[in-house]
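Please read the structure below before turning to the comments.
Think of it as A, B, C, D and E in the order they're written, each chain with its own count starting at 1.
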Amino acid sequence: MTTTLETSQSSLNRKKKGRFKSLFFRLLKSKTGFVGLIIVLAMTIMAILAPYLAMYDPAKTNIMSRLLPPFWLEGGTMEHPLGTDNLGRDVLSRIIYGSRISLLVGISAVILAGIIGMFFGLIAGYYGKLWDFIIMRTVDSFLAIPNILFMLIILAVLGPSVPTLILVLGGTSWVVYARMVRSETLSVKERDYVRSARAIGAKNFRIIAKYVLPNVISSFIVIATLNVASTIILEASLSFLGLGIQSPDVSWGLMLSDGREYLATSWWVATFPGIAITVTVLGVIFLGDWLRDVLDPKIKD
Amino acid sequence: MEVVKEKIEIEEKVIMKVRNLKKHFEITKGYIKKQSSTVRAVDGLNFDVYEGETLGIVGESGCGKSTTGQLILGLLDATEGNIYFDSKDIAQMSQEELRKARRDLQVIFQDPYSSLNPRMTVEEIIGEPLVVHKIASGEQLRKEVLELIKLVGLGEHQLKRYPHEFSGGQRQRIGIARALALRPKVIVCDEAVSALDVSIQAQILNLLKKLQKELDLTYIFIAHGLPAVRHISTRIGVMYLGRMVELADRDELFVKPLHPYTHALLDSVPIPDPKLRKTHQLIEGEIPNPSNPPSGCHFHPRCSFATERCKQESPEYREILPRHFVACHHPLH
Amino acid sequence: MSNPILDIKDLRVRFKTEDGFVPTVNGVTFHVNEGETLAIVGESGSGKSVTSLAVMGILPPNGEVYDGEMTFRERDLLKISKKEYRALRGNEISMIFQEPMTALNPVFTIGYQLRETLILHQQLTKEAAHKKGIEMLELVGIPDAEKVMSRFPHQLSGGMRQRVMIAMALSCNPKLLIADEPTTALDVTIQAQILTLMKNLKEKSNTSILIITHDLGVVAEVADRVIVMYAGEVVEEAPVFELFENPKHPYTHGLMASIPKIHDVVENLYSIEGTVPNPTNMPKGCKFHPRCPLADKDCMTIHPELEYINSTHAKRCIKV
Amino acid sequence: MKYFLLNVLKTIPVLLLITLIVFVLVRVTGDPVSMMLPETATDEERESLKEALGFNEPLPVQYMKYLGDLVKGDFGESFRYDMDALDLVLERLPATFQLAIASMIVAIIISVPLGILSAVKRNSFMDLFITGGAVLGKAMPSFWLGIMLILMFAVNLQLFPVSGKGGLMHLILPAITLGTGIAAEMTRLIRSSMLEILGQDFIRTARSKGLRESIVVNKHAFRNALIPVVTIMALQTSTLIGGTLITETVFAWPGLGQLLVQAVNLRDMSVVQAATLLIAVFVILSNLIADLIYRLLDPRIKYD
Amino acid sequence: MKKGLSILLLVFVLILAACSKDSGGSDKEQGEKPVEKSDSKTLVVGFGTDVTSFDIHNHNTTSTEAVHVNMFNYLVKNGGKEGFLPDLAESWENVDDTTWSFKLKEGVKFHNGEDLTADDVKFTLERVANDETLLEYGSYKQIKEVKVKSDYEFDIITHAPEPALLNRLSRIGSGILPKDYIESEGWDTFVNKPVGTGPYKFKDWKKDDRLTLEANNDYFGEAPKWEEVVFRSIPEDSTRVSELLTGGIDIAVNIPPTDVERIDATEGVTVKNSPTQRVMMLVLRTAEGNVTADPLVREAIDLAIDKQAIVDSLLGGAGEVTRTRVTPGNVGANESLFGTSLYDPEKAKELLAQAGYADGLTLTLSAPNGRYLKDKETAELMVAMLAEVGITVKLELLEWSAFNQKYTERTFNDMFFIGYGNSMFDASLALDRLQFERAKGETDYNNPETEKLLITAETNMNLDERVEQYKKAQEFIAEDRPQIYLYQLQAITGVNDRVDFEPRLDEMFYVDTITLK
C-alpha cells in the first residue's frame, strides 16, 4: 500500500514539470515508447514527404526492368534499391507512397470509428436505461459478426475505394469504442468528482463534456492507437480478398497481397511492404503500450 | 432576559427537516433482475438540522450514513419521505429545481483523490459552481476564486495547477473552497477527514471550524471516526442499519449515552493513552447484512440487554430527555 | 533485558522507478525482544510498511534492501538463501495485512489457504492440516469453523477475514508476528474485537509482535514499546508509557496533540503545519525541520543522529 | 441455469438486429442476378430471372418474407450449389469448428506459458523478447504467414501436407496460421492480467506464507489471471471465425470461411445470410459459455 | 529495447531470406526437390474453384462442366475440325429449318442401372428450354419441343431456324439426365447423388474440398482408365502450385505465369500452355459524346497497345495475340485475323493529332480485378502504354462483383476491359453482342453492313455461306474497333510427369484422355 503511495507521490513531483513536457520526459525514459514514437514519426514524415523522397512515380511501369532484385543481390542495381515488381515499378518508391494510404486509411478509420463509438458510448453509459439497452444491443449485434466478414460484405457491394474503405472500417469498428467508453463512463460516473459536479448543479451536457469525456479520453486514445495497428493489418487482409485498396492507388497491404504470388520466386516484392507493415505496427503498438502505461493508471504495469 | 431568548431562538431555527426518509436499493443478480433483494439502506429517518450547528452523524459501515448524505444532497432519489430545506422538499424537486437549490446546499467528499476532476485546474474547479450558476465570469470570477482559495489557506500561485500536484490535505482544502463558492447555507461533509493522516486531519478540522464561524455555515458532518465527530459537532446522531438509534447534544451523548449500541461504540474507541488501557466491553458478533436485518430492534442480537420484546418489536424513536432522542426499549441510565 | 529475536540495524530500502532509485527507508534501526509487542507508528509515507515487507523478504520486485543488517534469531536475513528464507516465512515469521478484503485469494477456499501453510511447513497430511485448520479457526473465535473451512473469502465479513488471516499467521506458532495496520480497515467495534483477540493470543503464546499502525490509540492499547517513524527514519523510540507521558521529539509531540480526544474536547486542535515531504525531494538537515515549531538554522543543516537519553528512550532531535 | 436462460432471452433482440443488419447489407446493395449469369447473358434473361426469384418486390416486403421464412427454418436456397442454404452451412460447420478449436489450442499452448513468463520476468530480456514476438505475431497478416508456412514446412521440408482437410497433419499449418494472431493477443493479455494479479495483496500473503514462487505464480496468480482471460478468449471467437475466411482460403480448407468468401464474391446471398446468422449465434453462444466458465472460475460471482 | 528490436527484425529478415533462398527464384538454383512419381490409379486434379452444382442446367462454369463431362454424356460431341461426333446419339439429321431428328445408341445404361431412352432426352432438354429460372435457359430457349417417336428416336423442334443447334447440344446443360430417377427421387436427391451415363460415377463430394468419382465399369464406351478421380478445389494459386510441387495433385489448373519457370525447373512436373476460348478485349463506346466515338481515336488506342509485350511479360507467353474474337476451332473463325496484332505508337500519335488531340486526351478505363489471369496488371500496363502516346487514362479497377454490376447496368464510360468466352464454338455467340439492339449502352456499335451480316448469318442454314458472312463481319469489326481484341488467353496447367495430359481448347477434363505414363 505504502509503496504505491510513495511512487505516486514521486510521480506527483514529476508532473509539476507541466503535462506535455513531463509526458515527453517520460517518453524518453521508456525505451520502447521512444522507439515507437520514432517509428511512427518517421512513417508520418515519409507519408507527408513522399513526393520528395520517392525516386520514381509509384505507378510508373517499365516492362523492361521487371522483377529486378534488390541492390545487394546479383542483378540488382542502386537505381532500384529494393528491386522492382512485376510491372517494373520501383518497390522502394511504392513503399514510400504506400505509407500515405496505409496511414490515411488506418488513422481516418480509427478517428471515424472513435467519434461514433465515443458518442454512443457516452450516451449509453451516462443516460443508461433504454438508451443503454438499444445501443448495447446494437453493439452486441455488431460484435457477433466478425469484423472482416462485415467488411467483406459491404465492400463487395460498395466497391472498394479509399473513402469507402475508411467508411467501412470505421463504420464497423465503432462498437469497440462504444463498449469501452460506456464501461469507462459507468465507472467515471460513480467517481466523487462527477457527484460533486452534480452537487454544484452542473447540467448533464456540461458534466459529460467537462467531467466524463476528459477522463474517458485517455483509455480511448490508448485503444485507438492500438487499433490503428489492427486497421493497417485489416486493410492488408482485405487486399488479400481482393477488396482492399485498388490500383493505381498504392498501399502496403495491396503490395503485400499482390506480391504473394512472387513469394517463392521474387521474394522482395512482398517482403519489403511486409516489413513496412510490421515495423509500423510495431511502432504503433509500442507507442500505444507506452500511452497505456502513462495515461491509464488502471492497466499500469 | 431578552438577549437570552433571542439566542435560543436563533439556535433553534430549523434549517432542514428530515421526515420518514427511506431509501431502498434493489440488489439484482445477473443482468436481468429476477432474484432481487431489497437493501433498506435508509429506513425511516427523522431529524432536524438547526441553523449554524454541526450535526454529526456516526455509525459503522453499512449503517446508511453516506446514503443519508446523498439523499439530502438530492444525488439519490428517496424511496419515501421528505427533506424540507428552506420549506421546500428536496425529495420532491425536479432536476431543474434541484439544480437551483444546490446553491444553498453543498458537499465535501471523503476521498480527496477522487473528488476533484483530474482534468481541470484548481482555478476551474473552484470557479466551476460560479460558472454553472452564471454568477460570475471573467475578472469577477477570478477575483472570487482568489478570495476562496485564500480563505482555505492556499496561495494564488497554486491556481493554475492540477489536482494531482497537491497532497491529500491540500486537495481537501480545494474541495472546501469549491463547496464554499456558492456561499451555501448547509454543507454536507461526507467523511471529509477520514482519509487524511492524523496531522492533516487536525488542520482540516480546524479550518472547517474557522469557516463555520466566519461564514455562518451549517454542517452535516458524516463520519465513522468518533473522536473527530466529537471534536467538531454540536449534536450527534448515531445510526445503525439504516436507522437512527440515538441523537443528542454532543456532550450529553458522550457522557450519558442511552442506547446500548452508542455505549458500546464509544467504548470501542481506543484511547491514545496507555494508562487508560482497558478491557473493552466488547459487542459480540458482526454487523448484520443490511439486506437481511434482524427483526425488531436491529441491534438485539448483539445487545447484552436484549429481551424478548426487542426481538419482536421495533423500538420507537422518541425524545426521552429534552433534545435527546433514542430508539430503545431499554435505554441505559 | 531479554533477547532480541529480531535485530535491524541501519536498514535502507530503495525503489527503482522511472526516475531512478527512490529511497524510502533511510537507516532504520530497531529490535524486537522475545515476547514483546513493538509498535511502529507513523503517517503514510513514513516507510513503516516497507520496513515490515523488508523483514519478511517480500518487497515488491522493484524494491531492494541496499544497506544494513537484519538478524532474526541469529540468522542474517540478508545472507540466507531464498529457500531458507521461504522456510522462515509463514513458519517462524508470519504476517497479517491491512486489507483483509484483498489479502486472501478470492478463488480458493478458506480451508485450502489455511491448509497450504500447514502442509508446507509442518509436513502435515491434508486431513491433519484440515483438523489443525479448524482448531485455529476456533482459536481465533470463528463460530462454525468446520463450515467456514469450505467457504470462499468473499462470503465472510471483514472482521471474520481478519480472524482467518490471524489464524493462518499463527498456525505454525511463529516466533514473530508482523501485523501491518491490522485493524485500519475495520469498523471500531470489530477493531476492538480484533485487538482484544491479538492481546489474548499473545498472552497464551510467547509470540513477539511487530505492529505497524498510524493510530496512536491502537499503540496505546497494545504496544509494549514504540518507535515513531518519519520520512523513512526512526525519530523516537521509547516504552509505551514513557512515550505517551513524555514525548521528546517535536513530531511525536505534535502527532499526539493533533488527535481529537474523545473525552477531552478542546476548541482548536494542535496541528502540524505543512505536509509530509516527498521521498524524491527530502529536506536537508533534519527532515522534520520545515514543519517543526522548534526548528532553527542548525536544523536546516545538521542531520541529527538517533541518540539515547536513557537505556530505552531515544530521539532524533538536536533541540530537545 | 436460470441466469443462463435469461441471458439467452437477452440475445433475442440482438439476433433480430443481426438479421436486419445482414439483410440490409446483402439485399439493399447487390444485384445477385448479374452474378449468376455469364457475361454474355442478355438483359431479358436477367430481368426474367429477377422476376422469377422475387427480387422485384419492395425491400420491407422482402425482409418480412425473409424473417417469416427464417422462423420456419427456411434460410433460402444457395444459387451456387442449388441446395438449402442452412444445410450447406451446417455441413461446413464441423470443418470450421475443427480448425477453430485447433487454433485456439495452438493459441493457448503458445500464449499461456509465454504470457506468464513475461509477466514474471517483467522488464527482463525475456519479457522483451516475448512481448516483441507477440507484436510481430500480431503484425503479420495471416495470409502471408500461411503462404510462408506452406513454402517452408510443406514444400521445402515436406513435413506437412500443403492443403486440404485430412488427418491431424493437415490441421497443423492452418491452425498455426490462425492461432498465431490470437496467441499474440492473448500473450499480451495474459501478461497484463498476470501483472495486475501479481501486484495484489493476496499474492503478498501467499509469499508471506513461504510458498515457492512457482506455486505463487502458477496457482495463486494464474487462477485469478485466468478469469479475465476467459472473457477475452470468448471475445476472440469473432476474430477467430473472421480469421477462417482467410486461412481457409489459403489452405483450401473446406469450412465456413471459404464458403463465405465465395458466397460473397458470387452474391450467393442466402448462404451469406445463413452463415452470418449462424456465426453470430455461435459467437453469442460462446460468450454465454464464457460467462458460465467465468462464474465457475470466480467464486465471488457465483455466490453473490 | 532498441537492441532487442533490431535483433528481432534481423531474425525475421533472416528467416525470410533463408526461405527465399531455399525455395529458389532469384538465386542460381531453381526449382524444388524432385517430385516423386507414384503409380496410383487415382488421378487428382486441382481446380481453383469447386464444382458448383450437379444441376447441369443451373450453372455456367466451365470448370464444373469439365468435371460433368466425365459423368454425363451429350447427344453429340463437338470434335472441332472433325465436326460433330456421335456420343449418345448414333445418328442425326436436319429434316427441315426447325426440325432435327435423332437416333439414340441402344443399351446405354445410367449409373443406377436404368436404360437411357428418348424420354430421358425429352425430359432433359424440355426442362432447360422451358424453366426460365435456370441459368442455362438462355442457351436452350430456342428449342420448342422434343418429340419422342420411339424409345430410341426423337425429333427436336426449334422455334426458329437454328444453325447452331448441335453446338448447343454439345455443351453445358445438354448432358442427358435420368428421368425416372429424378422424378421418383426428386431433384434434391439427384443433386446430392447425381446419376449419369458417363465413364465415371459419383462417389463423394465434400464441398470446397474435393469431389471423388469412381470408375463406371458398365460404361457403354471404352472402359474407364482410372479407378478413382479426385477434383480438388484450391482457390489460392500459390497453394495449388505448392500442392503440385509436393505431388499432392497430378494436374493443377491456372498456374500463375510467375511460377512457370519454377515448376519447369522442378524435376517431375511440367507446365503446359494451351489455347482457351477466352479472348481479352477492350470494349469501347462508339456513340456520340464519347471521345471514343472517333474511329481515329479507337485506332490510335489499338495501335498504342503492344499486345505481344503484355503476353510475353505478364502472361509469361501464355497467350496469343488476335484481332478477332472468333478464334480457331470455332465455326466462322477468320484465321487471318488471328495471331497478329497491330502496334505502332508513332502512327497512333499521328492519328491522335489528326483527330484533333495533338495535346493528348483523357478517357476512362474500367477493368475487373481478380477475374482473369493478370487482369489488373494488364490494365495497369495498358494505361502506361496509352500514356506513351498521349492518352491519359483514368483507371477504374473494380472487384469482380462490382464490375459485373456496372456491366449489367451498362454504366461504363469510354472503355472497359473484359474477356469473353465461347462455349458454343460458334461465331454467333461471339458476335451477337455487336448487333445494334444488343450493343446499346455498351458499344453502341452501328455499322449497317456488319449488322446485316450478323442478322442473316444467325439463322442462315447454309453453313458455308454462314461462315463466310461471319468472316466478313469480323473484318469489318476489326476495322471499326467497337471492341479492340488483345489476345486469346492460354491456360497454363501444371502436370505431374506420371501422367500424360493434353489440355483441350474447351478446357474440359475428359479424364480418360489423361493416361498414366
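Methods note: contacts are C-beta pairs under 8 Å (C-beta built on N, C-alpha and C of every residue); 3 or more make two chains touch, one makes a residue touch a chain.
The shown structure was predicted, so the numbers you read here are calculated from the model rather than taken from an experiment.
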* Which chains make contact with chain D and with chain E at once? -> A
* If you tally the C-beta contacts for A-D and for A-B, which one comes out higher? -> A-D
* Just grab the chain with the largest centre-to-centre distance to chain C, centres being mean Cα coordinates. => E
* Can you give the whole-Å distance between the Cα centres of chain A and chain B? -> 48
* chain C and chain D, separation of their C-alpha mean positions in angstrom -> 51
* Asked: Approximately how many whole Å separate the CA-defined centres of chain C and chain E?
  -> 86
* Structure fact -> Multi-partner residues in chain C (2 or more other chains touched) are 44, 53, 60, 99
* **Residue list for chain B, restricted to those that touch at least two other chains** => none
* Where chain E touches two or more other chains, by residue -> 1, 5, 12, 16, 19, 23, 238, 400-401
* Complex contact set, residues of chain A against chain D -> 137-138, 140-150, 152-154, 156-158, 229-230, 233, 236-237, 240-242, 253, 256-257, 260, 263-264, 270, 274, 277-278, 281-282, 285-286, 299, 301
* **Complex contact set, residues of chain D against chain E** => 30-31, 33-43, 45-46, 48-49, 52-53, 80-83, 88, 91-92, 95, 125, 128-129, 132-133, 136, 147-148, 150-152, 154-156, 158, 161-165, 249-255, 258-259, 261-262, 264-267
* Given the complex with chain B, which residues does chain A contribute to the contact? -> 12, 15-16, 19, 191-193, 195-203, 206, 210-211, 214-215
* Quick one: which bits of chain B touch chain C in the complex? Just the residue numbers, please. => 60-61, 167, 169-170, 197-203, 205-206, 209, 224, 226-228, 230-231, 250-251, 254, 264-277, 279-280, 282-283, 286-287
* Structure fact -> Counting only contacts in the complex, chain A reaches chain E at residues 31-32, 35, 59-61, 63, 66, 69, 73-75, 86-87, 155-160, 242-243, 246-248, 258, 260-267, 271, 275, 278-279, 282
